[in-house]
Amino acid sequence: MLTLNHFLILSFILFSIGVAGVLLRRNIIIVLMSLELIFNSVNISLAAFAYYLQSITGTVFVVFNITVAAAEVAIGLAILVAVYRTRKTVYVEELKDMRY
Amino acid sequence: MEMNLFRLIPEFIMLGTAFLLLILELFLPKGSRKAFGVIGILGTVSAAISLPYQDYGLALAGLFVQDQMSIYFKWLFVISSVFVLYIVMLYEDKINNWRGEFYSIIVFAISGMMMLASTNDFVSFYVSLEFVAICLYVLAAFLSDSRVTSEAGLKYLITGALASGFLIYGISFIYGATGVTGFAEVAKALQGVEPTGFVLIGIVLVVIGLTFKISSIPFHVWSPDVYQGAPTPVTALLAAASKAAGFVVILRILFGALGPMKGEWMAFVAVISGITLLFGNLAAMPQKDLKRLIGYAGIGSAGYLLMAVAAASELGAGAIMFYLLTYVFGIIGTFTAIVVFHNSEGSDLVESYAGLYKRSPLLAFSLFIGLLSIAGFPPLGGFIAKFYIFMAAIKEGLWVLAVIGALMAIVAMYYFLLVIKSMYLRQPTNPAPIPVDMTTTGLLYFVNAATILLGVYPGPVTDLVMNIAQGVF
Amino acid sequence: MEGFPILSLIMLSPLAAVILLLFVDDARVALVRGIAIASTATSLALSLYLLFIYDKVKGGFQFIEKIEWVQSLGISYHLGVDGISVAMVLLTSIVIFTGVFVSWVGIKHRIREHYMFLLLLVAGVYGVFMSLDLVFFFLFYELAVIPMYPLIGIWGSANREYATMNLTLYLSLGAMIALLGLLSLYFTAGAKTGVYTFDMLQIASLSYESGYQIKVFLPLLFGFGVLVPLAPFHSWSPTGHAAAPSAVSMLHAGVLMKLGAYGILRAMWILPEGAQFWMPWVAGLSLINIFYGGMVAMSRRDMKFMIGYSSSSHMGYVLLGIATVNIIGVNGAVLLMFAHGVMTALAFSLIGFVYDQAHTRMIYDFSGLAKKVPFVAVAFAIMGFASSGLPGLANFVAELMVFIGAFKEYPVHAIIAVFGIIVTATYMLRCMRDVFFREPMEKWDDLRDASTFVERLPFVFLIAVLLIVGFYPSVLVDVINSGVVPLVNKLNAAQVG
Amino acid sequence: MDIWALLIIPLAAALIITFITRKHAELSSYVSVGAVILCFLIVLPYFLTMLGNPHMEHIEQSFLWIDIPGLMVEMGTIIDPLSLIMLFIVTFVGSLIHIYSRGYMHGDKGYARFFASLSLFIFSMLGIVLANNFIMIFVFWELVGLASYLLIGFYFEKPSAADAAKKAFLVNRIGDFGFILGIFVLYYATGTFNFVKMAHIIQAGQVDSGTLGLAALLIFCGAVGKSAQFPLHVWLPDAMEGPTPVSALIHAATMVAAGVYMLARTGFLYAAAPHEAMMVIAYIGGFTAFMAALLALGQNDIKKIIAYSTLSSLGYMVMSVGVGGTGAGMFYLMTHAFFKALLFLGAGSVIHACHTNNIWEMGKLYPKMKITGVTFILGSLAMMGIFPFSGFWSKDEILASTFFSGNYPLFAIGILTAMITAIFMTKLVTVTFFGEKRYHGHPHESPFGMTIPLMVLAVFAVFVGLAGFPGLDPNFGTFVAAVAGSTAAHAGEHGAHAEHHFSYFVAITSTIAVFIGIAIGWTIYSKKSIDNNAIAARFSGFHKALQNRLYIDHFYDRVLVAGIYNNIARVFNFIEVNIIIHFAINGIAYTTRQIGKGLRLTISGQLQHYAFAMVGGVLVLMVIYVLL
């Protein structure tokens, strides 16, 4: 029997993977993908809550969240293009014109 | 399920203005440079005109609420909008393409913030928040052929998205614990119950997630780079309006939705506030770039505001509102001067401001008033604001925090005085005067006068915010 | 004269001048000076008038003006003076009036701005001495400190940037700490009555439990003590003096430091038991001020540093007088605040006069100046003797009262303090000998004596004040006493209870 | 109110000279001389009335100076025989010296300044004499110090004069340190500063004797400073840097005697003070008298010799007070004022003629300066105490007081001092006026303006002692007893019997001692049967010590002053500069800045560091949350 906790644990694992991806991957495209993973992990937990609480709001939230995540990543890619145009690189450690 | 769309008229006006600007971008000839700005400002002013006619109540089936506080913050955003758009007009020579879009996105961002001021539900809150955020990501990276702005934009976006992840994760737990998303419903559900694990995780993650917008510990990391790298009007927008937006949602969520749980987050916020105060102010000391310096100082200011949040009282809420108003004026005055100076000198370094008093007394005076107000020197508005925040902290017995705040106020004086020193005590290397046009002069006089007036006669505004604060819990 | 807002006029006169000066062209130097002189002369005349119309017999706070300022928090623009404030207001007027003339001689660039900051500072000082509302008290207190930054930073001498930063931050730190204490009082008082107000009269009329008083008195003591300066938090002061232009040093040592002592007196008034608890500590620290400050002054060769440490040493007597908590000692302390203010203003104006011409203040660079600048030499000698407590000059009376008061409460302290006078005399006389006596040096042949009216006026005026008060102290003591007696009675009642 | 005029006139004169007639030297001197003579004329009728009625009631006039609860300070005058005698001395000798100064200071650039200072001095000195309470006496006590400072430092371009002025003021300050503390002790013991009221309280036995002894010694400190008693005598010889009339007026006749006057004025205190305290005073006086006489022997500077003799005389007076002979002390004070002023003015006349102070550069001046010579010799005889000159009577009274109070060691010291005094006075007279000619240039007699005061003083120096002639009634003792009666019931048990005695034993012993002294001096300095250089060589260590003032000044300068300055002050300065400013203040500022520099490194520019910071921050805060 799947309980709420199973979904939440799955969500947490995916969230952690996403965070790890943001922390560890040097390629900004993969970082953006990891961010997407984070949002989706939250979607799982929202959907699970919605299901177990018998509440529609969570599902609505998931829909909005998917939209937001998509927009966010789209903008991210657009900015990345701009970055690539000026620097010819997509690696995070090259972005250090400003520091301290 | 009343829609009451008329309560969203200010937002609609702003959105309409933004769309109008987008469309005009296609039609207006390149020569008519100032037209966008003027249209943007006129649109904002129309939104402002509609504000006094707003009545209080819910809209969009309870997703939005119009109350005294939302109106107050919408005024703040409208004021910021007008001045930021004006700053863009001063700045627009630097923008090569898509000038209309730049104005348009700023107006979009402001309308998003106005929505944030009215959010009454986690869903509408999250969507509005992301709406603002996405606009700001774009704005921060707008000069696409500049290395620093694109870097700033990307850093802003990735840290922002990560923070959003934590925030939404936290919201999901609160939703899971209560089964509702409306602020009022959440508050009702949490009233008088023992906090469960879900609630606690939710509170912690939401509090932390909210720190991004206000650039406080631990999600403060973006702000120095973005303040420095973003186009200057965007920095002004981030510093003034975006920070205010961050605090209005803190007031809505922590005081409103999570108000019944305030025993669970007060001490936590106090810790965040203390560390933020220490970090922002101490790290600001060695800064050489004025925009970056203000970025760090902004972290420090967030610490002060959080101090009032940690006090979790009506007085604290009133103090926050007063502080943000003075902060908006301080930032506007400062950034107008920075843009004018940058147009003339092409530098934001503190040392390049040497002897500014001689080259342009007005710019120097505006920076003097603006920065000292932020630093909390009397008799400027910022002083009264800080005073109220200390009042709130002392009232709740937050002595440690208050002492940290007092010490950091001295540190803040130090780094702002370094700027003053450069402007007033040093002699200029290039004595050529910096011209300031009539409109800008008038605007600077107005902003400075407002800052001083808030300091010497804070009575009416204080009475207003304290009145608004009565209903915050 | 019922309803005539004399206090507001005294305070607003310099403020009005600041606003006027905003719109005056830099080049119209005569007009700038004229405005400054007119405004300070108005304040001076009104302060003198205040001294005479203040009802000594009635005592207490008089000439009260009250306007609601922030209703929701109980802040009001609330002015009023008691005997202590009257003396301090007069001191402020005297020092700024002469300071304007000293600046006339000494300040050669950015004259308009100089006067603006100077007058702004003075408005703040007046405000502190008159405020009966804690918020305004604090606001004016800060307002009196902040203009120091540009005043020293722009018009100062060597090391000015360091000195001014040091001073501003140090004083602001003190102010912030004091603020925390004041706010705590506001809430405690408000909780007692249910009416939250910053009205000092209201707050002082309540009684607080002694544990609380002891706790809250400490931040107030530290905060105001820094400005006094209470040893060991004094180091900003000599450094600041040394870097500041003459008129600023005059105000700084002459008036600003008195704000601190005044603040402590007011804190004692509000928190009598806290004061009783901490006063022995203050008495002890005051000895460090007196003796240590004197010794450091003795070893300094830079005249401004010497006077700077000497000021800190003299403020030790003020603190000792305050710490006695008896009528004689506190009267002496307040009178000494006045006398020292005038004396030290004289000292800095004289040193500034010499420095502006000679560009050195080192004692060993000079010799035999009395031949070249006899007027300055005589004035300096009078200052030196005033400083070392010679009868006939105001300081003597004040120090005598402090000693008599202290001898009753802290005989050992008093003995050491009296000995401190010898230390003062030692370095003052040595300085006079080295600088003004002995053989004249050729390199100072071009030194000009104070000869014009503008140059002489401040010296003559300050000396006259010292002599008048020295010969006939009652003119001030009676007024001061009317303020001291209720204060001390309250404190002593607290001790019994 | 004419008593107040005594204070107002000289003060007005000083102010007028300073502010109005400064540029006109002659006019200034007239103002000053006129003022002091006017004062003398005011005093004279009172004085004469008093002579007719020695038991007059004292008259007090006062007004409140400070009036606050717990502290009422008056400024007031008291007129009684004691103050009248002193007023007479001050105004009379003062007038003569003012007149003399007009000639002596002629042509000096600081002529007006000199007279302004003199008038200031007269004002202050009269203030001391008239004071009816401790605060007022202290006020004027300090003011005479100021006048003394100004006049010693009159030639301020001379480093030695500048130093001497400073030294005088500071050494006096040390004495006043005790004085003021004594005043405080008395004030808290009796609740008043007023002499008369205080006397009543003390005589009523309301103050315990320990307090009285302490107060007596502390008050005495003031006299030690002003009257230059050991160990604070060091300033007086240096004070001779001032113009000679100043030495005569201030540092011989009046100001230095103010200490003794003050002791007399507060006689009620000393009458009631315990015996031990009185003995301290007596022995300090005796020791000073003896030591100063010895030191005088080692000097060759005409003014220094007289200065040390003054010291010695002051020691005599103090000793007399110590043994209870206050009246004798006052008597000596009066005679001393005349003959010492005379000696100084004579010395001034000589210096004026020879332009040197060294007696070995004079010699055989008598034929050139007859008036000066004669008066000087008369003064010297008075000083030595030869019958029937004034010094004889007064010295005899002191010795008698000492003897009859049973202080035989002090009596011996007194006799010995008298002998040594005779030696150096003989030396002074013979070397200066007789012997072979060693002067340069053409010395000539001084103008009349200077010699007339000499002659007047000589008359008094010779005859004023007769006031103490035991056969006379009322004689000086009566007046002083009257004094004591007015301010105090007088002289406790150990002093009462010492007054009014004339003893052949004492008189003869002292006269013999003096003649022995003269003989020795004559032998050494006139007949030269004993080579003084040989003696110097024989006792070279002692001789050197005498020439170096027994190394007391060295000790003060090199050990005390240098010790304080080089060690304590420097150490404090070191603490200030290094610990308080550098370590504490700058250290805190530096550390704060360094922390800031360190913290900003966390904003490394690396996006993933930011992400780490964020996630790490979340984790840390969660831990903190759990811990909270």
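Which chain is which? They are A, B, C and D, in the order written, and residues in each are numbered from 1.
Assume contacts are C-beta pairs under 8 Å (C-beta built on N, C-alpha and C of every residue); 3 or more make two chains touch, one makes a residue touch a chain.
Keep in mind that what you see is a predicted model, and the values were worked out from it rather than measured.
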Set of chains whose contacts include both chain D and chain A: B
Chain occupying the middle, per Cα centroid: C
Winner on C-beta contact pairs when B-C is weighed against C-D: C-D
Label of the chain whose CA centroid is most distant from the centroid of chain C: A
Chain B and chain C, separation of their C-alpha mean positions in angstrom: 42
Chain C-chain D separation of Cα centroids, rounded to whole Å: 37
Chain centre separation (chain A, chain C; CA means) in Å: 64
Mean-CA-position distance for chain B and chain A (Å): 26
Multi-chain contact residues (two or more partners), chain A: 19, 22, 31, 95, 97-99
Touching two or more other chains - residue numbers and ranges from chain B: 154-155, 158, 162, 224-225
Pairwise chain contacts, counting only pairs that touch as defined: A-B, A-D, B-C, B-D, C-D
Chain C-touching residues of chain B, taken from the complex the two chains share: 372, 377-379, 383, 387-388, 390-391, 394-395, 399, 402-403, 406-407, 409-410, 413-414, 417, 420-421, 424-425, 457-459, 462-463, 466-467
Touching residues (chain side chain D, partner chain A) in the complex: 600-601, 603-608, 611-612, 615
Residue ranges of chain C in contact with chain D within the complex: 166, 170, 232, 235-236, 239, 292, 295-296, 298-300, 309, 326-328, 331, 368, 370-371, 385, 388, 390-392, 396-397, 400-401, 403-404, 407-408, 414-415, 418-419, 421-422, 425-426, 429-430, 432-433, 436-440, 472-474, 477-478, 481, 484-485
Complex contacts: residues of chain B adjacent to chain A: 122-123, 126-127, 130, 133-134, 137-138, 141, 144-148, 150-155, 157-158, 161-162, 164-165, 168-169, 171-173, 175-176, 179-181, 224-225, 228-229, 292
Touching residues (chain side chain C, partner chain B) in the complex: 68-73, 75, 135, 138-139, 142-143, 146, 149-150, 153-154, 160-161, 165, 168-169, 172-173, 176-177, 179-180, 183-184, 186-187
